[in-house]
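Every chain is named by a letter (A, B, C and D) in the order it is written, and numbering of its residues begins at 1.
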């Protein structure tokens, strides 16, 4: 079966993309399999400067999920441009650069630098991170702020811009529409949900950062609901993410309205999961009588 | 580094809350002392990192303490069943062939990785001093096993119910062990004390992990000297030269 | 150990209360154990008229959780007053009447009728249900609407009013504070998170209602986070709910700042769970060196 | 109604995707034909409702089809292991001692609960007509078991690979079965056809359930006559007089 998906800037040979922050820059996984097998790779969020992130512990386990508070540790956009992207150029897969910052200007700064790279095919704005200028709230939590950073990013970018939405909002549709109107070429949804765990011995948070982002199968029903709602309200493509562990989950996201998907924490549980999903996907589509990816996209509301 | 369904050959209690599991797995041929494996336990999401305690021809041995739900489930596993292991992972204890004697210091579940190290030094016919610290007599394990290798073994218990009363440092003093090239693994306060007393050798660390292969940045530790440098416990570690990382 | 908890209107012999909608009116569980063992019971949401709820299927399983779209099926406040409450009077436990409605006026109507009952010790406002007057959004999704219904309920009620918050919001603290200011005597948090599942064969939603409420261990990290944030911002007590399956979870909610808890879907998995938790709780507190419930409450931030 | 850790005595495949499990459990003494148990399967949240197919002195038998993850996990269970069952639940098929013949109509995994019913009618020495519908020959089960009870058994397959080609209704016509007191269980279209053809007897229904004991209102069905009346499949059902509920 043809698994090829064409999205703004992205010519994916299959709809499977490891999610940002769950695959580093691919080096560790390249020791396990050929990265050219992947539809694309969403690399770790890039910020203008090197960032060391939060104190440890940075992760905690939860029922059917995990919490993380890595704090955007990354070597900074310059090192990524110099070392990581040229290394990634050897693989026949589409690189999506995830961009983050503490202010709108930082997003622009990162994008302006990455524009020079031939390797990066599209941007993905991580608007879930707390924003310093706006009192620490995420840019993704109000339509106005989300639209503003999208507009600025679009003005700066020489490649398509996808916006990765935060699920920690009352009305995801409102934010998706604002972002579309501001010129986004696509959406990635969802980022992690804010959660927390306490240590039974001390009574204190397990994560040094107190709260963290919940990911994994636990959040899949929320992700599916949001993709379903947004897909009916916007005309730009959606990359679905949240709790995918197997090809059946990919099909569920397609039905909900996603055109491709990202796989996050499952890469930690089974480092080969992305290739396994790519291998299984045609069989699963066949099992459920689906003849093409296109046919499945949005079936839930069509 | 590979994923493998190992076969559990045995899984027995060897001390209070402490179990030894033998796993038959092909990956054993790639293992080095101090490395770890990441174990998937049914019903739990994240893999559990456990040190390799002994490397054998057809498999390896782990020794683990039941501290939570995952290790409790592990303790209930039966022989002949399969177990999903990923490994070997991380750095190993370098073997210094030019040294004639080494001092291995282990505390609690920090003891297991030192066993394979002792084995390898004994194959080279070196003097191996082993100092083991436990909370109490019931928690002690591997004293005999180290002795059987021909090591000089000293045990300390915090409550004095066996051996020297106190910490491993107390035991080293009590037995006037002078060897200053150390390999250690154990709880943070123990490592702190060792770092204050010794300059040469290696230390092994723990950290909450997610990927175990260096991709997620969950397990980092700062470099002690270079302000801007971080190390991944799972990739550059768990073994580091003494004094290398902030902890 | 003394498990007694005193909250506005509620004299709980222990902090364990089956959650609304997960225990009916207690009749089925009374066949299994003595309901007098329970700290209290939050009965199924009452509306002015009998409601039949949504078409079936009404439930779907999810990883570490479930979705429900029962649609507030209940016999109506009059029947509850006539048949259910007098029956419940035989048990030595505190009855919390959960109140719902399609408009603010309906909440008032239900409360005015229930005021006559000696059996009901407190009200719990379910402000998660879609509100007809306000275009179908939940009263719990804006501080203004949440405050308004709280004020009206307080004016009508002759017993303490707890407000049960919806987690499907950007800023739970803002809503909790608005509700406190409007006179709420306590908070119950959280209600279910909006989610969805699609059938792999048809591509359509499994729930006839399309979306449903996610509950169970999957949402516990979100519930703990919200209780933790709100407990530091308000001065009224919190009853924690979301994903509790065992006594350890109760302790985690206490640490987060809850004074008592409600247990929801675990009653379906293990119908004896509430009594088991009550039995285990003193042992678990002991294991973790906690000498009293009061000592544990809010330890995470104290 | 109680929770019990039953002991699996056997778990064997008896037809395509179809398994029979014998469970030793004390609750068997309270069971009636047509009732169900709610089974907890490790790794899955909600219990799975499965009909009681046969009641024995020391336990009971279920017959189930693998249709999803939960039943797949169930099929992998081994003898001697325990299984967490809650039951017996729901209403049962009433036995009409004054009738001389009854017609039992089962489709697919609707067949199992009829087996205990047939047993009880045969103990009373009544004529029992059994019509079983399956998709194809490979899916057929219990034809011999019903015959061994002394029932008159007729089988239909949709693809005609065995017995009458077509539905159970086709088989009833082909064999000119005139008995008009029916007990039925099976897929919705089959029940619809039976409801259109018969006025007397009982039907058993399925519904997605959460609690299985009548507390959550997940499984309701409307009354056919009284607009305002609902029934819980798990509590007032799963067995209802024919024509009672909307489906």
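Everything that follows uses one rule, which is that a residue touches a chain if its C-beta (ideal position, glycine included) is under 8 Å from a C-beta of that chain, and two chains touch if they have at least 3 such contacts.
The shown structure was predicted, so the numbers you read here are calculated from the model rather than taken from an experiment.
Enquirer: What chains, if any, are shared contacts of chain B and chain C?
Expert: A, D
Enquirer: Please flag the chain sitting at the greatest distance from chain A, going by CA centroids.
Expert: The most distant chain relative to chain A turns out to be D.
Enquirer: With centres defined as the mean C-alpha position, give me the chain C-chain D separation in Å.
Expert: Chain centroid spacing, chain C to chain D, equals 36 Å.
Enquirer: Find the geometric centre of each of chain B and chain D from their Cα atoms only, then give the gap between the two centres in Å, rounded to an integer.
Expert: The answer is 56 Å.
Enquirer: Quick one: chain A and chain D, Cα centre-to-centre, how many Å?
Expert: Those two chain centres are 47 Å apart.
Enquirer: Starting from the mean Cα coordinates of chain A and chain C, work out the distance between those two points in Å.
Expert: 34
Enquirer: Going through chain B residue by residue, note those that touch at least 2 other chains and give them in order.
Expert: Chain B, residues with two or more chain partners: not present.
Enquirer: So which bits of chain C are touching at least two other chains?
Expert: 62, 64-65, 216
Enquirer: Quick one: do these chains touch in a line, a ring, a star, all-to-all (complete), or other?
Expert: The chain contacts form a single closed ring, each chain touching exactly two others.
Enquirer: So which chains actually touch one another? I want all the pairs, not just one.
Expert: Here the touching chain pairs work out to A-B, A-C, B-D, C-D.
Enquirer: Can you list the residues on chain C that touch chain D in the complex?
Expert: Where chain C meets chain D, its residues are 21-24, 27-29, 31-32, 44, 50, 52-53, 56-62, 64-66, 68, 70, 73, 206, 216, 265, 267-272.
Enquirer: Of all residues in chain D, which touch chain C in the complex?
Expert: 1-3, 40, 44-47, 86, 207-222, 228, 230, 235
Enquirer: Can you list the residues on chain B that touch chain D in the complex?
Expert: 42-43
Enquirer: Under the stated contact criterion, what part of chain C meets chain A in this complex?
Expert: 62-65, 67, 141-142, 168-171, 193-198, 200-201, 203-205, 211, 214, 216-222, 224-225, 228, 243, 248, 251-252, 255-256, 288-289, 296, 299-300
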